[in-house]
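In order of appearance the chains are A, B, C and D, and numbering begins at 1 in each one.
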Amino acid sequence: MKLGMIGLGKMGFNLVQNLLHHQHQVVVYDVNPEPGQKLSELGAVPATAIEELVSQLASPRVVWVMVPAGKIVDQVLDTLIPLLSQGDIVIDGGNSHYKESIARAAKLKQHGIHFFDVGTSGGTEGAAQGGCFMIGGDRNVFPAIEPLFQGMAVDQGYLYAGEIGSGHFLKMVHNGIEYGMMQAIAEGFEVLSKSQYDYNYEDVARVWSNGSVIRGWLMELTQNAFSKDPKLDSIRGVMQSSGEGKWTVETALDLQASTPIIAMSLLMRYRSLETDTFNGKVVAALRNEFGGHAVVQNNE
Amino acid sequence: MKLGMIGLGKMGFNLVQNLLHHQHQVVVYDVNPEPGQKLSELGAVPATAIEELVSQLASPRVVWVMVPAGKIVDQVLDTLIPLLSQGDIVIDGGNSHYKESIARAAKLKQHGIHFFDVGTSGGTEGAAQGGCFMIGGDRNVFPAIEPLFQGMAVDQGYLYAGEIGSGHFLKMVHNGIEYGMMQAIAEGFEVLSKSQYDYNYEDVARVWSNGSVIRGWLMELTQNAFSKDPKLDSIRGVMQSSGEGKWTVETALDLQASTPIIAMSLLMRYRSLETDTFNGKVVAALRNEFGGHAVVQNNE
Amino acid sequence: MKLGMIGLGKMGFNLVQNLLHHQHQVVVYDVNPEPGQKLSELGAVPATAIEELVSQLASPRVVWVMVPAGKIVDQVLDTLIPLLSQGDIVIDGGNSHYKESIARAAKLKQHGIHFFDVGTSGGTEGAAQGGCFMIGGDRNVFPAIEPLFQGMAVDQGYLYAGEIGSGHFLKMVHNGIEYGMMQAIAEGFEVLSKSQYDYNYEDVARVWSNGSVIRGWLMELTQNAFSKDPKLDSIRGVMQSSGEGKWTVETALDLQASTPIIAMSLLMRYRSLETDTFNGKVVAALRNEFGGHAVVQNNE
Amino acid sequence: MKLGMIGLGKMGFNLVQNLLHHQHQVVVYDVNPEPGQKLSELGAVPATAIEELVSQLASPRVVWVMVPAGKIVDQVLDTLIPLLSQGDIVIDGGNSHYKESIARAAKLKQHGIHFFDVGTSGGTEGAAQGGCFMIGGDRNVFPAIEPLFQGMAVDQGYLYAGEIGSGHFLKMVHNGIEYGMMQAIAEGFEVLSKSQYDYNYEDVARVWSNGSVIRGWLMELTQNAFSKDPKLDSIRGVMQSSGEGKWTVETALDLQASTPIIAMSLLMRYRSLETDTFNGKVVAALRNEFGGHAVVQNNE
C-alpha cells in the first residue's frame, strides 16, 4: 500500500521504518526535515509540506497522523481537510483523547473523509519491530487499511475494536493498567530494598521473567534497567506522566467505576514530583498541637 | 479516692493534675524524680520507688500505670505483682496493644489482681482538663474505679467498653480514625495550596470550625497551627507515627476488614519519611526503557 | 436588609427561615408554590414568578439563588439578567462548580451585575439555625451583602474567601474532606463490627464525641444515627454522592495534588453501588487459571 | 539425583512429574495414597510412610516438603528430624512465611540438617512443565541441590537468592506484585465494561497479549478466561486470597515501606467477600443525618 505519514518523532519514525520493511510505500513529512531525510535513505519519499505529501497520493488516499496529542492534531487535520477528497482516510495513531477522536471523526465526516483512531502500544521498539494496534472507526472501511497492520503488528497484534473512539479508549485503559502494573512491580522492589536481604535486583527481575506468574515485558524491562544501573543510584524517583493515566481515572470517575489501583498509581506519580508536601506539614503540625509530638524543622 | 500513679511523662503528669483537681489522693512515681517533685507542690505524694508507692496505699489498692507501651509496662507489672495483694487493681492507661493487655490481665489474674485497660484520648490537654477514657476489664469490678473517671473525663467522656482488651482496642481504632481524618483535612489544604486562590488558611480553618459539617477539635487545632505559622513554612511534612495506626491496619487485615482510608493514611505517613523512593526510581527507569522518556538524574 | 430568594428546597427553605429570624425581609419564589406559602406564614413575601420577585425589590437588588447545581442555575440567571439593573447583586448559594461560577460572573458582569458564589455548609439544620458560608466575589462589593451572613451564620461562620469562584472552590474541598472524614469514621466502625468485642456503637460514638481527639459534629451525628438504629440493620450500605467529592478529585488531578484519602473515599462510594463487580470476576477467573483456585459460581 | 517428595497435592504432584521427566529418581509420599500410585506409573517410588520414604534414600539425603504452609510443615519436620542424619538436606517448596523458614532452619541446624526455603511460582502448569524457583539457604550447600532446578525450571527460571528466608521472602513479594498486577488488569476491564463500547474482552486480552507494553502471562491467562466465558457471567467476583499478599503488606508495614497498590489490592479482595458493608451503612446514615439524603432501605 501507499500512504502518507505526518509526524516523524520517535514513534512516527519507527512506524515508517516498520512500514517500509513490509514493502509499503510511504510519503513522509515532519516540520523538522531531518528524520524525513534519514527515512528517504530507507526508501521513504520525503515531502517538504503537507500539500506536497497529499499531492503524491492517489485517491482514495490514506494519511497517518502521528503527532503529539492535542491542538497539533487539529492543526494538521485543518490543513488536511481542504487537500483531501471524499473517501480518503485519515488515521490518528497518537495518544489522543477518545472524545476528541469522536469529535474529529464527526468533523471529517462532513467532508466525506473517513477517520480511524488507532492506539499504538509496544513502545518505540514496538513501533519499529512489531507493535500492538487498537483500531476504532467504520467497520466497513476498515478492510481498506487492514493490510497496513497485518505486517506491522506482531502476530495478532492488531484489533478492530469497534466504532470511532474505541481504539483510543482501549489504548487509554491499556495505559491505566500499565500504570498499575508498573507501580505494583516498583512497590515489590521497594519492599526488597528495605528488607534484611541483599538481593541482586537484576537477578530477581530475571528469575521473575522466567516462568513466574508475573513474567511479561515489563519485568523484562525491569531486568534491563537493573542491568544498566544495579541499584538505580544514578536517577531520581520522579515519575512523570503523559496524560493517559489521568484520562483513565477521569473516565472511571465519569463511569462510576471503582479503580483504586489505577487511581493510586497516578496519585503516587504526582506525589513523586515533590520532595516535601503541604499535607505532610498539616499532619505534622496537628500531631504537635494535640500530642506535643515533635515536628521536623525545615532546617533539620 | 486514693491511688498510685506510675509514670509521670506528659500524659501521666497531666492526669495527676486532673485527679488532684478532683480531690483524689495520688501517690506518684517516675524514674525521673523531677515531675514528682512538681506534683508534690500540687498535693501529690511523691514516692522514690514503686515499693514505696505501693506501701502508701491500703488494700484494695488502685495503681494506674502510665508508661510507654511495650516492655516497660511488663517490667512495671513484674515489679508490682509481688508487692500487690489479691483484690488489688492495676490500670494500664497507656497505648498498649489490646492483645498484650489481654495477656497481662491473664497473668495478673493468677495472682488475684484485677486489670483494666484504659485507652485515653484528648491529647495532653485532655489529660489535664478533661479527656476521654475507654475502659476494658471486669464489669463487676469496674464500679470500684469509676469515681476516678467521673471527675477526670469530660461529661460522658468515659465508657466501660466491655471485657478485657476492649478499651485498648477502642483506643487503637480511635487512632486509626484519627489518622484518616487528619489526612483528609491535610489533603484538603493540599488542594487549596495548589489552587489559583490565595486563601488565608487560618481563616479557612476558622470558618470550617464554625457551623460546617467538618467542624470538630481537629479543625480547631488546624486553626491553631495556622495561627502560629500561616503557611507552615517552618516545618517539614514528615509524618511520624507511634504505632496505633499500624496496629489498626494489622488488625483490619486479620479481621479481613477493608479499610482503605486508614491504610492509605498510614502508608502516606511512611511515604513522608523519605524525600525520594526506590519505587519511584523503578517506575522512572521503566518509562525510560519502553518509551525513551527522560529520567531525572540524581544530580539535577 | 431586603432580598429575594429563588429556590425553596430543603436548603433554601431553611435559609429563608434563618433570614426572617434575623429580621431580614425576604421575597421568595419556587416553581412549587407550597414552600412559599408556608414561609409567608413566617413573614416572607411569596412571589408567583421571578419577574414578580424582582419587581418587589428596589435597586440595588440582592437576589439569592438556591437551586440545584447545573443547568437550572443558568436558566434562572438567564431569566434574571433582563430583569435586573446595573449594580444589582446575585448570590449563588448552591453547590455549583467553581468554574461555572467564574463563567457566570463574567456573563453577569457584562450586564453590570455583581455575582457572589457562596458555598454553604452545616446541612439543612445549619441552614436553618446557623451554618457556615464561604463567599467568593468582588471584595469591594462584599460589604453590601455582609449583613446577611452576620446573623445567619454561627459566630465566625462566614468568610469572604477571595475572588470569584473561591467560595464554591472552598465548599468543594470542604466536601472532599467530608468524604474522607466520613469514610475514616465508617472504617473504624467496620473494624469494631468485625472484632471480638460486642460494642454498643451508640455508646462508642458518644464517648468519642466527648473529649476525644476525633470529636466533632460528624461523630455526634454518628451517635444520633446509632441511637435510632443500633446496628443500622434497617439500611443498606449504598453510599450515594452528589458531585462535589468527584469535583475535588478531578480538581486534584488537574492540580497534580496527591489526595489518596479523598480519592479512595469517592471510589469506595462507587464500589458500594454494586453488590458484585466485574473486576472481581476477572481476578477470580485469573486465580482459577493459574492456580486452579475454585471460583464462586453465580448460583452459589 | 535421587530425592524424596512429601506432599503430592496439585503442586507436589506436578513437581514430581517434572522431576521424573528430567531423569531424577523420586520417592514420594502423601497422606492420601492415590497420587503416589498415579506417580508410580510414571516411575516414582511410592512410600506408605515418611519413615519408609527416608529409608529409601542414602545420605546425604534430599527431602523436598511440599505441603500446605503452617503447622503441617512443622509436623512433617518433627517427623523427619529423628529419621535424618547430619548433612541431609530438607527443602520447603511451599508458601511458608519467611520468618517461619528462618526459625525452622535454626531448629534443623541443631541436628546438622541443612534447610532451603524455595518459593515456587508459575502455577500448577509451571510446576509441571517449567516453573520459577527462588531459593534461600546456605550458599555453600546449594550446589548439592542445584541440579534439581536446572532441569525443572524454565531457562534462567531459578535463583539462589541469598541466605535462609530469602527464597520465601522473594516469593511473598512476588505474590504481592501479582495481587497488584491482577487488580490493575481487572480494573482496566472494569472500565471497559462500563464504557459506551461493546468490546469483545477475549479479543482485547489477545491484542494486549501481542506486542503491547502490558503483555505477559497474566494477560494471556485473561485471554484464556474470556475464551471460556466471554463476560464471566457464570462466576461471582469473590476474590479469595491465600496469605502471601497479606504477609507482603504486613512486612511492608514493618519495614515502613509505602506500598499503596499492593495494600489496596488486598483490601479490595477483602471488600469483595461482602455484598454489603457496615462502613457503607455508616456513611449512608451520616449523609441522612446532616443532609436528609435518602438511604436505601434493606428491603429495597
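The rule is simple: a residue touches a chain if its C-beta (ideal position, glycine included) is under 8 Å from a C-beta of that chain, and two chains touch if they have at least 3 such contacts.
Computed from a predicted model, the values in this text were never measured in an experiment.
Student: Would you identify the chain whose Cα-based centre sits farthest away from the centre of chain B?
Tutor: Max centre-to-centre separation from chain B belongs to A.
Student: Roughly how many whole angstrom separate the Cα centroids of chain A and chain D?
Tutor: Distance between chain centres: 33 Å.
Student: Can you check how far apart chain A and chain B are, centre to centre, with Cα atoms defining each centre and the answer in Å?
Tutor: Distance between chain centres: 48 Å.
Student: Indicate the whole-number Å distance between the mean C-alpha point of chain A and the mean C-alpha point of chain C.
Tutor: Roughly 39 Å, centre to centre.
Student: Give the residues of chain D that touch two or more other chains, as numbers and ranges in rising order.
Tutor: Residues 123, 183, 185, 187, 190, 193-194, 213, 217-218, 256-260, 264, 268, 271, 277, 279, 290.
Student: Chain touch graph shape: choose line, ring, star, complete or other and state it.
Tutor: Topology of the interface graph: complete, with all chain pairs in contact.
Student: For the complex, which residues does chain D have touching chain B?
Tutor: Those residues of chain D that touch chain B are 213, 246, 249-250, 253, 256-260, 263-264, 266-268, 270-271, 273-274, 277, 279, 290.
Student: Quick check: in the complex, which residue numbers of chain B touch chain C?
Tutor: Spelled out, the residues of chain B in touch with chain C are 121-123, 126, 130-134, 153-159, 161-163, 165-166, 169-170, 173-174, 176-181, 183-185, 187-188, 190-199, 203-204, 206-219, 248, 251-252, 255-262, 264-265, 268.
Student: Show me the residue ranges of chain D that touch chain C in the complex, using the header's touch definition.
Tutor: Listed in rising order, the residues are 10, 123-125, 182-183, 185-187, 189-190, 193-194, 217-218, 221-222, 224-225, 229, 232-240, 242, 260, 264, 268-269, 271-272, 275-298, 300.
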